[in-house]
Amino acid sequence: MRPSGRNPDQLREIKFTCGFTRHAEGSVLVEFGDTRVLCTASVDKSVPRFLKGKGEGWITAEYGMLPRSTHSRMGREASQGKQGGRTMEIQRLIGRSLRAAVDLKALGEHTITIDCDVLQADGGTRTAAITGGFVALSLAVNTMLKKKLIKTNPLHGQVASVSVGIYNGIPVLDLDYAEDSSAETDMNVVMNDGSAFIEIQGTAEGHAFKKSELDAMLTLAEHGISILLEKQRTAIDDHK
Amino acid sequence: MRPSGRNPDQLREIKFTCGFTRHAEGSVLVEFGDTRVLCTASVDKSVPRFLKGKGEGWITAEYGMLPRSTHSRMGREASQGKQGGRTMEIQRLIGRSLRAAVDLKALGEHTITIDCDVLQADGGTRTAAITGGFVALSLAVNTMLKKKLIKTNPLHGQVASVSVGIYNGIPVLDLDYAEDSSAETDMNVVMNDGSAFIEIQGTAEGHAFKKSELDAMLTLAEHGISILLEKQRTAIDDHK
Amino acid sequence: MRPSGRNPDQLREIKFTCGFTRHAEGSVLVEFGDTRVLCTASVDKSVPRFLKGKGEGWITAEYGMLPRSTHSRMGREASQGKQGGRTMEIQRLIGRSLRAAVDLKALGEHTITIDCDVLQADGGTRTAAITGGFVALSLAVNTMLKKKLIKTNPLHGQVASVSVGIYNGIPVLDLDYAEDSSAETDMNVVMNDGSAFIEIQGTAEGHAFKKSELDAMLTLAEHGISILLEKQRTAIDDHK
Amino acid sequence: MRPSGRNPDQLREIKFTCGFTRHAEGSVLVEFGDTRVLCTASVDKSVPRFLKGKGEGWITAEYGMLPRSTHSRMGREASQGKQGGRTMEIQRLIGRSLRAAVDLKALGEHTITIDCDVLQADGGTRTAAITGGFVALSLAVNTMLKKKLIKTNPLHGQVASVSVGIYNGIPVLDLDYAEDSSAETDMNVVMNDGSAFIEIQGTAEGHAFKKSELDAMLTLAEHGISILLEKQRTAIDDHK
Amino acid sequence: MRPSGRNPDQLREIKFTCGFTRHAEGSVLVEFGDTRVLCTASVDKSVPRFLKGKGEGWITAEYGMLPRSTHSRMGREASQGKQGGRTMEIQRLIGRSLRAAVDLKALGEHTITIDCDVLQADGGTRTAAITGGFVALSLAVNTMLKKKLIKTNPLHGQVASVSVGIYNGIPVLDLDYAEDSSAETDMNVVMNDGSAFIEIQGTAEGHAFKKSELDAMLTLAEHGISILLEKQRTAIDDHK
Amino acid sequence: MRPSGRNPDQLREIKFTCGFTRHAEGSVLVEFGDTRVLCTASVDKSVPRFLKGKGEGWITAEYGMLPRSTHSRMGREASQGKQGGRTMEIQRLIGRSLRAAVDLKALGEHTITIDCDVLQADGGTRTAAITGGFVALSLAVNTMLKKKLIKTNPLHGQVASVSVGIYNGIPVLDLDYAEDSSAETDMNVVMNDGSAFIEIQGTAEGHAFKKSELDAMLTLAEHGISILLEKQRTAIDDHK
């Protein structure tokens, strides 16, 4: 039995509130159950130095947790003077994952920065951030098209992400904090709308996992991601 | 005429959403029109070194803006490796203001940290943070009383804050961004429920201000703060 | 009775030693009693990035305390790797206050940096820094005029500053450390030579202050500042 | 054809030079072809704060590249004042992977720090670091047993790692720099000697990968790791 | 001919103003011509961790230059977030030099911190800092003896320092900035009152120097230091 | 008797392994007994800002110790966020010493960075780094000549370095760690192949040293350096 009473292959309640804040070119509050992440996409007419003059754009991401998004208060990274290793790891993952959906040439010399800020954490913040980050990115692209900053849509597909794991010996989908903190294996999967993998990051916490367990987890992930991709489309279309 | 069409002595729409996030002992989303600040109060059973063994508690505050809470994206302080001078100035102000309402002896050896994170900025974020911070603090104190962490209520009054300024030659209350960015004088006033001043910070931006202008601004501030104090009481009572 | 035996409306002995060091375009040691601050004004033929190509200049300030300028030794900010919040707050205040006296267009594309370094502290270092900083700035402007770096004097007035407070229930002028550390209210006032306010920063330490107390303090401040402005003029004229 | 002329399932030449430096409790220079990483294991009689008093030990890792281990010189992280995101990500991976082989209770209150410093890079430095890090760890454990710091061997298995990828459409084992920099997919796999997975980190660089490609890569990885495990055993035994 | 018209073996005018600031246990403004360094000695009843419980004391030094102590303004190290290599090198030198005159056992568990802050620079700031630092240290030791913090004088000798160099082919004593910036060789010598060397740091700037040149420079240094030692004694005695 | 059984005027075994790593334009592993330093020279087609457009080149050095190059593990400077004072002091010394052998005009607008990384420490790492650094520099210059990046050899001589000291009252050459940690006096000497001094840095650890002791140490240093210069020439010639 899962603590939440969900079936092993059941996602938490998924919700996208597009336009949650008004300044960003794209903005969405994504909720995976009690995990709530504010994703904004900001368009800038410049590119990092290594792309200057190449006629290509860039997608980058930053991630943060509000100090009391968690059960006990964490120190604020800004006042500690640096981002921790976990933060860096996650924001690199978000950036890589979203770039996989973008034709950077078609984006022209623009940088889109995806900020993913966790307002409330209950497990799976990085997968929610990728899934919501794609929505924010799409909204920003729509804004760019409307403003004629670009001529063609640089998105050549969708990207979504979910966690899977082995909890009490059973493969489960979309772990919440109660499951995450005691799972034997934890895996974050990023896929596109062509049923192909963009990132797989699996970690054995308690015991190493067998190939059969991996296969079971990936099947769950594909199932969950197909639902997330559908919900992304609905959210983006409804906001037009 | 004010850009928003408000009267000179009119506040923006004020809204408190208590319990906006669930982990903190006290949590509120405060809105002054389009300015939205998430304030959480976190209780910790320890005190800073300079208070160790004195039987007293401490109230401290931290302030941050999400990178795209503003019109154009600001760099994230965590990735820049330090908090800017404006951030430090504001969080010191919030901490001092809220401590003025607390009997630190009655708090016992607890630290309450007030985190004020700006989700969306439209002028007056620091006054919203103080006003909302007091609500979060009150909610946390109520939690402590319920959990019997303390015996008596350490709050000996209320604290609220509003900005006033001279805009187009006329003293106005609660400036939004459009006014703030072109005001000749900008003043942040913090008062308690005894109609006395806790902090006054006035800055001449365009021209120096006369004593008569100061008096007019303070009258507006007192008026605005009396309304805010009333709304704080309602919000706190409704959340019990 | 004040610890120093002064009357409530009496400044400490004020002294300006112009040309205290020889490299800076403007240099003065300002003394408010035992508080001694070395202020230098350095002229640079460049401007910050946000002013590039606008034909305007800039005034900025930095503030520091020598580690043993205080009763007990403070850590050196350079070795701690960052400036504290108080330092940032003060240097921002000095810069804003002095810019209020300058026509930045007339300054042309020059930056003048005012360094205020406290050699010995006995309360009121920020007000001494502003008052001395204005003298250093004036001397630097005179140097620029002599060297024909600028054609017209960009200073359109004078700026001086003093602290006032409520000590033992009585409003007093120019608090020294003994008073400052136990005052109920502490207020720093910056005014120009037109009797108008440039900055007011008042903080209730012990109890919140009433409007009548505020008025009494501001009257004292205006009195003290009129004397400081007179002494500034004498010092600058004597150094020509 | 692979640039090196190797077969798709062929490792580079693997070499362990145990005792490469003399101060560390365990030290090995590991070579995967031209990739050379110096791994040392340092034993300390203390544990991180979160483990104090629990009777358990800890394994942690740090990773660095010498500035000119790479084709063009990289900035030195020590002089840049911080470790980059890639460095943090890798050292967290090394630590997690090696902890999976250790019974931390049996280690007692000791911390073993694995330093992995890349002397020369030619692709696959993180997998070489994990594979060599395990050897350094084993040597240090042998030293501890000899010095009677611990009574029983806390290692309950072996850990090794290799990269696999899709290069020119073909799954290949143990990518060198020439392959790595143009591979479509890059995956780092960490396994134990029970043929189970400890970490899988796969990234689509050029195109997303299908489940069938994933399976092919994992088969290659298992093959390569079985050889690495054998070579680890020989190296450790020969050094006794 | 030296730019200042001095003879090759002539010191600049040397001046010690003891008690220049009033909070420190020892304070002196030392002047070597136009080079002016404020040296304070601060006594603290604690020792660094590596000396805890050994019954010994410690002497340490910190060094800084005010931003406009120099011909053109230098960035403030506190705002740059770190001390430069030159600063660290100098403060390590001052600390080592002064420790050579102290019986750390006799000092008991006290730390004396010597802060050397350059108010005005004209060459030779580090030698002035050491020479003045010894005076500040002596004054602090006298204060400690008077306050009965220690029973016996822990100073077993005097320490002074001067620079020597080859300027226009001729060995000269106590280089000022005009000489220093174009000298072929620059050497800082620290000696005690037993005519023995504590530190020698010689650097060939233009051409490497011969043993005969070294000998000539050391003879000059010994001559200069004997005068400085005499002036130190007078200054310390006069301040009693 | 020396702990190693060497005669007072005897160097440790000296070894240069040229081409130790393959990416750098010049690379050598230098060994002074058990002290092993990897020196690489990296050529870059740019110069620091202060040399832009002057047609001159620059030589700079960086120094680091691997965390477990020492008897007990030292913290990694990259993870501590800054280089310590000792590191900065040493890399400045290496840079100055090597620049003394180079005609920067003949180098053209190139920067050569010498990285000296200590793999294993047993005393005298800085003198080994200078001596090996010169070899790496020479190899890089040879590479530049071969690639026709420069026309003439900018090296106008050789530079080598050794330590000398007073150990148990006797002057000795090339101290190892056992001697270094208990020597009364420690001196690092840098000389060129014209028997002239480039740097002398002598420090009295236990007692101040007399002129006669200084002379004895310098004689030893000259003897040792003449051997090192010979070995440098052989190593460089053999690598052609």
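Going in written order, the chains are labelled A, B, C, D, E and F, and every chain counts its residues from 1.
The rule is simple: contacts are C-beta pairs under 8 Å (C-beta built on N, C-alpha and C of every residue); 3 or more make two chains touch, one makes a residue touch a chain.
Everything numeric here is computed off the predicted structure, so don't read it as measured data.
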Centroid-based (C-alpha) most distant chain relative to chain F: B
Chain B onto chain F, rotation angle from CA fit, given as a multiple of 5 degrees: 180
Between chain A and chain C, centroid-to-centroid distance (C-alpha), Å: 50
Chain centre separation in whole Å, for chain F relative to chain D (CA means): 33
Touching two or more other chains - residue numbers and ranges from chain C: 81-82
Successive chains around the closed ring, taking chain D as origin and chain F next: D, F, E, C, B, A
Residues of chain F defined as touching chain D within the complex: 21-24, 27, 34, 36, 38, 40, 42, 44, 62, 64, 66-73, 76-79, 81-83, 87, 113, 115, 117, 119-121
Complex contacts: residues of chain F adjacent to chain E: 82, 84-86, 88-89, 91-92, 96, 100, 187, 191-192, 194-204, 207-211, 214, 218
